[in-house]
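Next come the structures, one after another.
The two complexes that follow have chain A in common; it is paired with chain B in the first and with chain C in the second.
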Partner chain A sequence: MAAFSIRNLEKRYPGAPVPALRDFSLEVGSGELVAIVGPSGCGKSTLLRMLAGLEAETAGEIRLGERVLTGLPPKDRDLALMFQSYTLLPHLSVEENLAFGLKLRGEPRPSRLEKARAIAKTLGIESLLRRLPSEISGGERQRAALGRAILRSPAAFLFDEPLSSLDAQMRLQLRVEIQRLHQRVRVPMLFVTHDQGEALTLGDRVVVLDRGVMQQVASPEELYRRPANAFVASFIGAPGMNLFKGRIETNENGSARFVSPALSYDLTPAQTAAIKPHTAITVGLRPEHLRRADASEALLRGEVTAVERQAGQATLYVQSGDVSFAARVGEDFSARPGDFSGWTFDPAAVSLFAGPGETRIDL
Partner chain B sequence: MPRPSRPPFLLLAPFFAVLALFWLVPLARGLWISMQGNTLFGTPAFVGLENYRGLLTDARYAHALRNTVVYCGMVLLAVLPFSLFLAHLLRHVHKTLRGFLHFCLLLPGLTPPLVLALLYLLVFHGPAGLLNSVIVRPLGLPGVDWIADPRFIKFSLVLLMLWRWTGFMTLIFLSGIEGIPGAYHDAARSEGASAWQRFRHVTLPLLRPVTAFAAAFLLLDTFVLFEGGYVLLGGSGGTLDAGLLLVSYAYVTAFTLGNFGTAAAVSFSSLPVLLIALFAILAWGRSRAKPGRAA
Partner chain C sequence: MNRNLFSTMRVRAGITSVAATLVLAALAVAFAFPFVWMLTAGFKPDSAIFNPFPLLPRGLDGRHYRSLLSGEWIPYQRQFLNSLFIASAQTALATGFSCAAGYVFAKFDFRFKRTLFVMAVFTVLIPRQVMVLPLFTWMNDLKLLDTPWAVILPGAATGIGLLWFTAVYHRLPDAIPDMARSEGAEEYRVFWITLPLIKPAIVAFALIQFTLAWQEHLIPLVMLFSPERMTINIGLASLNAGSVRVPYGLLMAGCTLTLIPTTLFFVLAYRHFRAALGKLTEA
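Now for the complex of A and B:
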């Protein structure tokens, strides 16, 4: 099976000051699922629409295996695109919607309906075959839309936030369905979402996009542990990494110290070696890296402003002067909004970002 | 919780009063007249359904009915596809030009029908009409007397409706087309649909309610078309009655022959036909393809 290969893709809308997508290159192996995540307006949907041929690129090349897709109309690209909005045709039954793509290719009715029934069975919607889209739930519609996409055995799958308009339960079920499809069908898949959690669970690799520029492409692990810049650090994770902007000062004994309004700490020798003194720097700390500490040894202090309980754990939002940060604690914590709290962390666990793009300093 | 009570009906009463006064009363009166004999001269007498029975054997009535059905069908088949086509063209017109074109399209529909009818006369007139001198003769064809030649009278009437309503119908279709969510087209395109297939499988079916409305509207206006036919054909059926419609037959019967009873019967006899046709069209517009049926 063929791999997707995207080279220097660019999209400029007439009149727009900056391109919607800039110099985007990515290889998606066959059988690989790459999730593309970013805030709204980052260019992720534009990217997908260009891949599908629904929008023309300004520059760049798209290949699928040996085939050059650039310039081909959507119908000749042999891709399946699944949308956020429900796109089953309202006047056709589920069965006919499933078979729609085959019908367009002139496949005879008995054979295409048979295939529709088979796919409906694997998706658990065989009881809905005769219903109209308006007579089934949102989750069932998306299931049918997925079935319609699968039925043609396309050379690649593109998902444009297909789960965003579903309720949590349905989203989970359909996500599993997509993962199953991913296991079964060894073709490239691109999954666009604004939900970083979804991207991390689904993607073999994850692309983070911001304002049309690729920020990082990496495995979910890597993305989480070693974000390439401060944007990725704060975007990935729920809540994202706490960022503290400050400066590097030199202690009397020659070691380096990070100083910022909310947080000050002595750098580890490795960090000291990697950083020039007297530079502006951003320190990133995951909420789960913070531990409660007595006033005597606390590196961070602040007032708890909000408590968010999740299953088995909780997130505290803490305000320290103008800076607020989040901390993950176990469920046996005792804190209420208004409490004063002290926090410490392992200096080796922090991420450091510096420079104009606040890029990661590798140690 | 809210109980159905009298106030809503009370509040609606003025509307129903006006409706009754200006619609139901004349309707009932018309029905009454249709059951009278000797309506213009002598003493009117109640004759029951005699006038209606007379129509059954009236060859001219049958002719008018056939003409009306053919003519309505021709108008629908000419105006609707043509407007749909124009609407598609209009979608690709540059924005700045669109407003002006919309205005032009609406103009014939906004002009009083009588004024339009006089304009038609300028167009369709045999020796001096525009249609002949600008289009037909320059093509090297012999001029056609659109109004007097029985072979062309119905076409003149159809052209008249085409002229009058195409613009308005185009705008109705245009708004219908623009109301179809783009996602359906995107989905169809990525499923492999060509432009024609998208028109056939997305636009047309989703336009069905709009089409039904347009058809019903057009049918009503075509059926009761009077001014155009009256001016064009001078209130008669035209040569050999080729342009005789039910409305013009009713007019001729009442005001030329002075037989109001029969004329009222002509009018009323068409009511069920028209109602059935309208309901059929509107029901078609609301129905969706039945599950399991090929679409």
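Now for the complex of A and C:
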């Protein structure tokens, strides 16, 4: 099976000051699922629409194996595209909707309906075959849309936020369905979402996009542990990494110290070696890296402004002057909004970002 | 609350509703009366026509209908079919063109789109009477005068239709045509696939278009000359104007029959018509 290869893809809309997508290159192996995540307007849907042929690229090349897709109309690209909105045709039964792609390809009715029934069985919607889309739930509609995409065995799958309009439980079910499909069908898959959690769960690799520029492409773990810049750090994670903007000062003994309004601490020797003194840097700390501490040893202090309980743990939102940060605590915590709290952390666990793009300083 | 005041209010509310009912009833009678008269007059002897009462005729006298359909006054059957052909063809063309144009204006970008749209809208504002003379010379040049096409073609493209279908297609989510494309549909097929989704809007437009075409008086009057090519409303009007003794019973019988197609269309399409005014699309 063929791999997706995207080279220097670019999209400029007439009259727009900046390109919607800039110099985007990516290889998606066959059998690989790459999630593309970013805030709205980052260019992720534009990218997908260009891959599908629904929008013309300004520059760049798209290949699928040996085939050059650039310039081909959507129908000749042999890709399946799944949309956020419901796209079942309202006047056709689920069965006929499933077989729709095959109908367009001129497959005779008995054989295409037979295939539709088979796919409905694997998706667990065989009892809905005779129903109209208006008579089934949103999750079932997206399930049927997925079935329609699977049915004609496309060379690649493109998902444009297909889970976004579903309620939480349906979303979970369909996500599992997509993972199953990913296990079974060894073709490239691209999954666009604005939900970083979804991207991290689904993607073999994850691309983070912001304002049309690729910020990082990495495995979910790498992305979480070693974000390439401050944007990725704050975008990935729920809540994202706490960022403290400050400066590097030099202590009397020669070691370096990070100084900012909310947080000051002595850098580790490795960090000191990697950083020039008197530069502006940003320190990033994951909420789970913060530990409660007594006033005497606390590196961070502030008033708890909100408490968010989750299963087995909780997130505290803490305000320290103008800076707010989040801390993850176990479920045995005792804190209420208004409480004063002190926090400490392992200095080796922090991420450091510096320079105009707030890029990561590797140690 | 004071009991007396309460009952006074109730009485007042009662008076208001009685008054409203009376006014509405009077209006209903005023609107319905001409129709009832027309329906019944077709079955009355000529001598009784100008006396609306008794409203119902004594026994059904089919003589006006027989004489009308025999064609001794006007070629009624022929003209009825002319009207049917002209109205149907015009409705089919106008609906088809408007629908396709609306789809393109709503879903595609192209040069001079705005200008063309504004021009189309302006045609709505130009009265028919202004266009009659140029249309006449055109049809003369095309050698189409005194043929049904001289009446059909001027109404085959309408600015209102473009406005209507552009609005309808704006409401159809882009994901539907995009889905069709990525599932493998040719561009023309994509348009075809969207049609069932806007069926209520199509039926509603066709209904209005058919009614307008059926009632059209000016264009057929100018474009058609021979009696056997006339539309039915011109034919009926000629009964009223041409003869010394106006055959009112016959005229009423003709009017009654002429109402049938539009009424039938309306009854059959009403469900869609209501749906169209409600939400325009089924998506």
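Quick note on the criterion: the second predicted complex is superposed on the first by the 363 of 363 C-alpha atoms of A that agree within 3 Å, B and C clash if a C-alpha of one lies under 4 Å from a C-alpha of the other, contacts with A are read in each partner's own complex, and residues count from 1 in each chain.
Note that in this section a residue touches a chain if its C-beta (ideal position, glycine included) is under 8 Å from a C-beta of that chain, and two chains touch if they have at least 3 such contacts.
Just so you know, these numbers come straight off a predicted model, no measurement behind them.
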Chain C versus chain B on the shared chain A, clash or fit after superposition: clash
Contacts of A:K44 with chain B and chain C, given as first, second, both or neither: neither
Which superposed partner A:R143 touches (first chain B, second chain C, both, neither): neither
Which of chain B and chain C A:E95 touches, first, second, both or neither: first
Touching partner for A:A52 - first (chain B), second (chain C), both, neither: both
First (chain B), second (chain C), both or neither touched by A:K11: neither
Residue contacts on chain A - larger count, chain B or chain C: B
First (chain B), second (chain C), both or neither touched by A:R22: neither
Partner chain(s) touched by A:R131 [first = chain B, second = chain C, both, neither]: first
Overlap of the chain B and chain C footprints on chain A, listed as residue numbers: 49, 52-54, 73-75, 77, 79-81, 83, 85, 87, 89-91, 100-101, 104-105, 148, 152
In the complex, chain C residues that touch chain A: 173, 175-176, 178-187, 189, 193, 196-197, 199, 282-283
Touching residues on chain A, where the partner in the complex is chain B: 49, 52-54, 73-75, 77, 79-81, 83, 85, 87, 89-93, 95-96, 100-101, 104-105, 109, 130-132, 145, 148, 152, 158
Chain B - residues contacting chain A, complex: 181, 183-184, 186-194, 197, 201-202, 205-206, 208, 288-289, 291-292, 294-295
Partner chain C, residues of chain A touching it in the complex: 49, 52-54, 73-75, 77, 79-81, 83-85, 87, 89-91, 100-101, 104-105, 148, 152
